[in-house]
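Please see the structure below; I have some questions.
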Amino acid sequence: MTKFTTRLPLIGIGVFAVLLLVVAPAVLSEHWISNLGKYCCLAIAAVGIGLAWGRGGMLVMGQGVFFGLGAYAMAMHLTLETAGPGALPGFMILYDPLAPLPAFWEPFRSEVFTLVAIVLLPVIVSAILGYALFKRRVKGAYFAILTQALAVALAVLISSTIRETGGDTGLSNFKYFFGYVLNDEANKLMVYLIAAALLVVCLLAVWQFNRSRFGELLVATRDAEERVRFLGYDPANIKLFAFVVAAVMASIGGAMFVPIVGIITPQEIGASASILMIAGVALGGRASLFGPALGAMAIGWGQSSLGSSWPEGWIYILGLIFIFVILFLPMGLSSLFDRAKGLIRRSSDEPGPATPELREVVK
Amino acid sequence: MSVPDASLVVSDLHVQFGAFVAVHDVSFDAHPGEVRFLIGPNGAGKTTCIDAITGLSKGTGTARFGDKELLGSPAQKIVRLGVGRTFQTASVFAQLSVLQNLDIAAGLRRSPVSLLRARRGVDASVERALEETGLGTVRDLPAGMLSHGQKQWLEIGMLLVQDAKVLLLDEPVAGMSQDERTATGELLGRVAANRVVVVVEHDMDFMRSFATRVTVLHQGRVLSEGSVAEIQADPRVQEVYLGTAGALSGALAPGAEEVD
Amino acid sequence: MLNTSRRRVKTLLATGAIAATAALVLSGCGSRADDATAAAAGSSCIDTSGDTIKLGFLNSLTGGMAISEKTVSNVLHMAADEINADGGILGKQIEYIQEDGATDWPTFAEKTEKLLTQDCVAAIFGGWTSSSRKAVKPVVEELNGLFFYPVQYEGLEASPNIYYTGATTNQQIIPAMDFLAAEGVKTLFLAGSDYVFPRTANAIIKLYAAELGIEIVGEEYVPLDKDDWTTQVAKIAAAKPDFVFNTINGSSNVGFIKAYYDAGLTPETTPIISVSIAEEEAPAMGHEVTGNYASWNYFQSLDTPDNPKFIEDWKAYPGSSGVTSDPMEAAYISLYLYKALVEKAGSFEVDAVNAAAAEGGITFDAPEGTVTLNGDNHHISKPGHIGRINADNQFDIVWESDGFIEPDPFLDGYDWFPADVRDALVASAG
Amino acid sequence: MDELLPPLLNGTALGALLLLAALGLTLTFGQMGVINMAHGEFIMAGAFVAYVTQQVIPSSDLSIPLALPLAFVVAGFLGLLLEVTIIQWMYRRPLDTLLATVGVALILQQAALQIFPAQGVPVEKPSWLDGQIDVLGYEWPLRQVFTIVLAAACVAALAAWLKYSSFGRRIRATVQNRDLAETSGVATRSVDRITFFVGSGLAGVAGVAASLIGGTNSQMGVQYIIPAFLVVVAGGIGQIAGTVIAALAVGIAMTFFAYWTSGSLAQVLAFVLVVIFLQIRPQGLFTVRTRGLA
């Protein structure tokens, strides 16, 4: 491989970072910055899905669970910060004004605890869940359906625990973000930049995973799990690691979603939200580095723009994206890019070692 | 007979699927320096024996490598004890290069943290395996593009970089050309010098050329055991093979049994 | 595969650069919680120079809530067409921008922001669920926009930037309880969907029931999107209450009514009073709902001066569902109320509109009667009505409140509502 | 007994409804490995067929019995259309069928929303389903009995068809070894299509039953899809007996949970229990040894 092609992904991340962190704030209106921030959050979750599904073969249909863990951890902190020291959040008062704050809320008054929880909660939950499922060799459709069922279960649970979690209406009306007034253009830009920077960091992390031995092992496990076992590795551990990383990314995406969008409800973590997260990954290219992030952003943008001008049509388009991409472009739009690269290479009479058409179609 | 530390000793191996007994009290041993063959007609239980020893199927009885009991351990633990295997249909990681395939095999004893770093340079063990299997020229090719024979060699190479002390090979020469068979046989002879090599095979010519000792299985039981000359002379073996496939040297349809 | 150590350094550099950028921004110019210079409300960009005025309609046209919200969107279009035909607002034709909330609450927030900052609409009309309203509320407050919300809700809320043209609890729940007391009901069973409106409504019902001497003999909730009510209905059958108070929302009502009918419970023995079954919803339940009650402010069967024309216009309107109902009537009111406010203020500016509201005296001859805007809490006065569902899935009016009921979202005028709860709620809302 | 009888009977009826919803999946998912997320929308299609039939034949005493075979055929043809246009290209990557059919589900929901009145449509039950029967003092609604009878009839018909018809043998041959079946002269393509037709058709029948129990609207399919898949997975893939037991177990458990706790918690508990159950028996209640957790 040439130096250039091995560096291409890094250059890409660099360009992407400049676009997000420098160009976008300079040219976009406040409204579109806030939208872009939302897409970034979804893209962070998508990058994790790309790792777990694209590289690891685990169709994670319940990423809403982890998105929700991060989002609710953040939202609980912001709600308490908004309520002020010692005060109860407004929605709790009606049902029982004298009862204390539920015990599990109390630690979220702490900024440090909240930040730690955003990372640690998904690690704990996904590790337990993943350990149980992967050790029992649950995979494929079983895995997809079970994770989806858990997302539904969590959404229903939150909807029905109104005093404890705000229920169906969710948590909203946040005034402060770690001491900063949210209703302030400069602070909004800061929140956006944090989300965008986190997306870039996640891309770098996945880039490093993909080129590491672990990345090779993960692909090997996806394609021939038993073979990996007979090379002396426990495939469960390999998948578990990717699953946990994906969960943490979903959680971080969820956490940043809250200050940017200003509301989190069980609907954002339920079945259809979880499936929508997959849509972008499938569109962009599940196994590629940029595919999941760009795909998620494209879906978000489509929802914002096409969903405005032609709402019914957007649902049909979304449905057709699922069908056509999966049917004709299983590796997403990024495979078109690869194919184009192959064409260019061929026309310049420089046969590469592994031209794209030699790659096996994904199983 | 004394059992050297590095020998594989299987005794009273019994494998049952529901009511069907696939392997019935099979015993055999294999020692470094010999190329040990397991043969038998379709459904004799050859592959099932290997499956049981390597943890793919559940079996009772004992299978000891040195003083370590293999039965009952998970597959990946058995591999870590130094017992490796190949499969009837060569299973390599088609999308990864030959080098990456070998590197994954070599990574068995790497620390988890080092797994998170990119590969730098090529391990000496990988270089040796490339040389030994003659795959050096195709090292950067995706394994999916290799010929059938090359894939089998790659699989053997993966066992070599792991420094497996027991190699259980399931029909390694099926579908190979005559030249490739000879090359494979010679490779096996070389690696058997300080390892236990057990080969499950249908190809009788290949067996005759390279086996040092042979066990014949029939309907899950040991029918006969001995040198190539001894088992060829065994009337029971002749009967089984004449009764099923016509002749001892006849080509038995490979791959039609025990597909999992 | 070469040159890796140098590349790793670069990775670190890149990560560091991003961290530095973030840190730089963090320490930047945004205001902190303790800053005296809290951000000023967003400045308006409403364009009044031309002969049109832009308004935003925000309803779920796709997703689960489209079932209900499509009608609201449609009637808003009808109201806009009517007003335009009549000369517009302050002589300007309404140019409405329809947005889809897509049954997704963050989308409601996003579209609100878009309508206010990109399209520069003068006001937004729509929403249905409390979740959608709660998503919109911080955005309109921050950007100082106007939002008109047309659905009955759980009350206990007030915002300078929201006008509520649906009923608050003292205009729907409390009249229903008064009706039950007048009927001599002694025992009551509460059945609701498991979300904020039924939970809050039932909390209030329980307080008021204690005051009225009505015993609550059971309380059951089922998730919003679930049709299966058999277990809960079996409990109702076992509890044998005089009446069932139904706060179920959406199509889950169909499952409830069918299970109820199946169990042999009838309006003669154990009638139901509902607060979310209207002329739109009743047909989907067939004859099995006939004979039960609903509490609303508006019914199609109301005999008021302005109702016949409203019904006639709606039936003729393209895309009409053929029947009129309370939420759509409230949406219809909302646009006319806005027109009245603007015309009184003589301006589309939000602060001017709010000032006009505060002055009081804004009325509109609505299909439900002449409603008056309360300038303090931005709700409107409404008549309470109880209707009984007849075989045509219309409602026969069986009870009406003593005149129009003044809106009282925080239940100030009701001593049985605990003062400490009210104070805490008002404090947290402010 | 007084306490336990109503939830037990109600739970059985709920289980029967789940069974109807899941039965088609034992064919399309169990036998063919296709994860059809539009199965819930096929149920919806069946319910709308019941409505349309009722518009043509106003007497519900006649229209509902007539709607059952009609719904079977309409949903079956929808399934056939799906198989021919999309699924047949994807047998080698079953996991991807899940995502493609999510798209189909979205489109069908939106189409139903635009074709039919948004609020949903009424489906009247036949008058012979009015009333209750007395079971040890509990007035058991006849409609619940009907659901159970319908589910039992569908299970019996499907099981007999698979077991005794020559077509059933061909399905089993195709499932066990597609290549071998093909070389032995089984037209696997037509087997695929007919299997998908019947599996989807069963969703249509479930839709008629569902239209008598809850609302008939564009969103109705959503609530069935996840429980139906859980039932199939818990029952053991492709196993009718396992599906029957799993459906009844989930239905009864959910009803008892709802009886003791709340409707919301019942759903959460039921889902979590199935996940835990699959920890203990990842292959489900019953299992064919040759099939892994693919």
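Lettered A, B, C and D in written order, each chain numbered from 1.
Methods note: a residue touches a chain if its C-beta (ideal position, glycine included) is under 8 Å from a C-beta of that chain, and two chains touch if they have at least 3 such contacts.
None of the values given here were measured: they were computed from a predicted structure.
Between chain A and chain B, the least number of touching-chain steps is 1. Here A is the chain whose Cα centre lies closest to the centre of all protein Cα atoms.
Across the assembly, the mean Cα position most removed from that of chain A is the one of B. Rounded to whole angstrom, the centroid-to-centroid distance between chain C and chain D, based on C-alpha atoms, equals 36 Å.
Taking each chain's centre as the mean of its C-alpha atoms, chain A lies 32 Å from chain D.
One finds 72 Å separating the Cα centroids of chain B and chain C. Note on chain placement: the centre of chain B and the centre of chain D lie 47 Å apart, centres being C-alpha means. Each of the following residues of chain A touches two or more other chains: 156, 159-160, 208, 312, 315.
Multi-chain contact residues, meaning those touching two or more other chains, occur in chain D at positions 110, 222, 262, 264, 267.
Chain contacts: chain B has residues 118-119 touching two or more partner chains.
Contact residues on chain C toward chain D in their complex (touch as defined above): 62, 64, 66-68, 70-71, 194, 220-223, 225-228, 230-232, 234-235, 237-238, 251-255, 258-259, 262-264, 280-281, 283-287, 321. Residues 1, 3, 6-7, 10, 13-14, 17, 21, 29-31, 34-35, 38, 83, 87-91, 93-95, 97-98, 156, 159-160, 162, 167-170, 172-176, 179-181, 183-187, 189-190, 193-194, 197, 200-201, 204, 208, 257, 261-263, 265, 267-268, 303-304, 307-308, 311-312, 314-315 of chain A are the ones that touch chain C when the two sit in their complex. Chain B meets chain A in the complex at residues 54, 56, 74-76, 79-80, 84-85, 87, 91-97, 100-101, 103-105, 107-108, 110, 114-119, 140-142, 144-145, 158, 162. Considering their complex, residues 208-209, 211-214, 216-217, 219-220, 223-224, 226-234, 353-354, 358-360 of chain A touch chain B. Within the complex, the chain D residues that touch chain C are 6-7, 10-11, 13-14, 17, 110, 113, 117-125, 131-132, 139, 141-144, 210, 212-220, 222-223, 255, 258-259, 262-264, 266-267.
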